[in-house]
Amino acid sequence: MQLARVTGTVVASRKEPRLEGLKFLLLSQLNTDNKETGTYIVAADAVGAGVGEVVMYASGSSARQTEFTHERPCDAVVMAIVDSWEVEGKEHFTNE
Amino acid sequence: MQLARVTGTVVASRKEPRLEGLKFLLLSQLNTDNKETGTYIVAADAVGAGVGEVVMYASGSSARQTEFTHERPCDAVVMAIVDSWEVEGKEHFTNE
Amino acid sequence: MQLARVTGTVVASRKEPRLEGLKFLLLSQLNTDNKETGTYIVAADAVGAGVGEVVMYASGSSARQTEFTHERPCDAVVMAIVDSWEVEGKEHFTNE
Amino acid sequence: MQLARVTGTVVASRKEPRLEGLKFLLLSQLNTDNKETGTYIVAADAVGAGVGEVVMYASGSSARQTEFTHERPCDAVVMAIVDSWEVEGKEHFTNE
Amino acid sequence: MQLARVTGTVVASRKEPRLEGLKFLLLSQLNTDNKETGTYIVAADAVGAGVGEVVMYASGSSARQTEFTHERPCDAVVMAIVDSWEVEGKEHFTNE
């Protein structure tokens, strides 16, 4: 998984029928110092994440292992909203 | 998923029989500022996208989760035509 | 999928039994201007491609979706021989 | 698989229900000289690894082939704690 | 698939139970001129390859399509020992 910040949303009305109802989030990847790396990805939302929140996403076939994305043509999913992380015993991010 | 613009098509008459009927699109990847990154990919078309349109594509096994690509040797699929996207509350692309 | 030119072959007599009978091709990846990018890949042949031909290959689990590669430890397959492609309405490659 | 050092942990209380109980580790990838490459990944823990330990992780669908990660939206798993490795007959790492 | 030279081995006694009995090889990726690229990977051994041998490995879910790796958390497998390869009709490697 990778860490990312939700920076926006993508709207697509003409799409594969199985995608109906999915929300697409624009994510900006983060490094472990909570800095954006310049890499983005579009991921389906499985946890109700909002713009500005720090999240984890899973890629590949693992992105289809949620109730929302099962058997859908979706290769990335936000599967958790991050509370905090620590590196070498020091907190590098907290959402409090 | 990644954002891309459809820039062309690929024709292949000698191919794996299961690919019969699939349309192959040449895609040029876009960043979130709607600029081409220089990376291309060939994807099967699942939504009737035309040259010039901005689309989303899925890669890997997820590319086989459409009616058109099911159980076919295809690792990328255009699964949506993009209407618009927003970054930090500002519209970065719209097809209107 | 990616575009590539077949540049050679790989011979391996000691191998996983399920690979018996597969032909391994050395591919040199092409960009959309039909220039080699310097990246190579070894792919199984599902279409009878020969050295010099321009082809498309699929990677990952999709590479196992052919009669030749089904349930084999093979992560790339040549699934089409390319006739031509167009970029912005201009032919960038034709095999005629 | 890749070699990595466990450098921290990620806490996420709002997540896909199937992830309940999984521990998320921050990994810093190692090269074969036991130096950090600057690349990180978040992986689920399947072996009880602690911060500071040197491990191996698997990515993609293979990350779901453990008792802990089966059918979960998880794309990386720590599946072994490394005792040692050798390059050209010379020990490059040992945890003793 | 990619070409690689076996440069060493990794020992891990604490691991996911399903990995019991697998041998982990350190591989150094080769380009088509038989030069090491500087990229390494750890792969399970399905063919009895030894240090110094030139091999092919498969990645991702395809790495689980051998008797040794079936349903195991393993994302790369050595599935062939290479005899030789040719580029543009010229032999670039032979193990004789």
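Read from first to last, the chains carry the letters A, B, C, D and E; within each, the first residue is number 1.
In the analysis below, a residue touches a chain if its C-beta (ideal position, glycine included) is under 8 Å from a C-beta of that chain, and two chains touch if they have at least 3 such contacts.
Remember, predicted model here, so these are calculated numbers, not experimental data.
The chains touching subunit B as well as subunit C do not exist; no chain touches both. Common neighbours of subunit B and subunit D under the contact definition above: A.
Path length between subunit A and subunit E in the touching-chain graph (shortest route): 2. Note on chain placement: the centre of subunit C and the centre of subunit E lie 20 Å apart, centres being C-alpha means. With centres defined as mean CA coordinates, subunit E is found 33 Å away from subunit B.
Residue positions of subunit B touching 2 or more other chains, listed in rising order: 60-61, 63-64.
A ring topology is adopted by the chain contact network, closed into one cycle in which each chain touches exactly two others. Going from subunit B to subunit C and on round the loop of contacts, you meet the chains as B, C, E, D, A. Interface residues of subunit A facing subunit B in the complex, by the touch rule stated above, are 7-16, 18-19, 24, 26, 40-43, 51, 60-61, 63-64, 71-76. Taken together, the subunit D residues at the contact with subunit E in this complex read 1-3, 31-32, 46-48, 56, 58-66, 69, 77, 79-89, 92.
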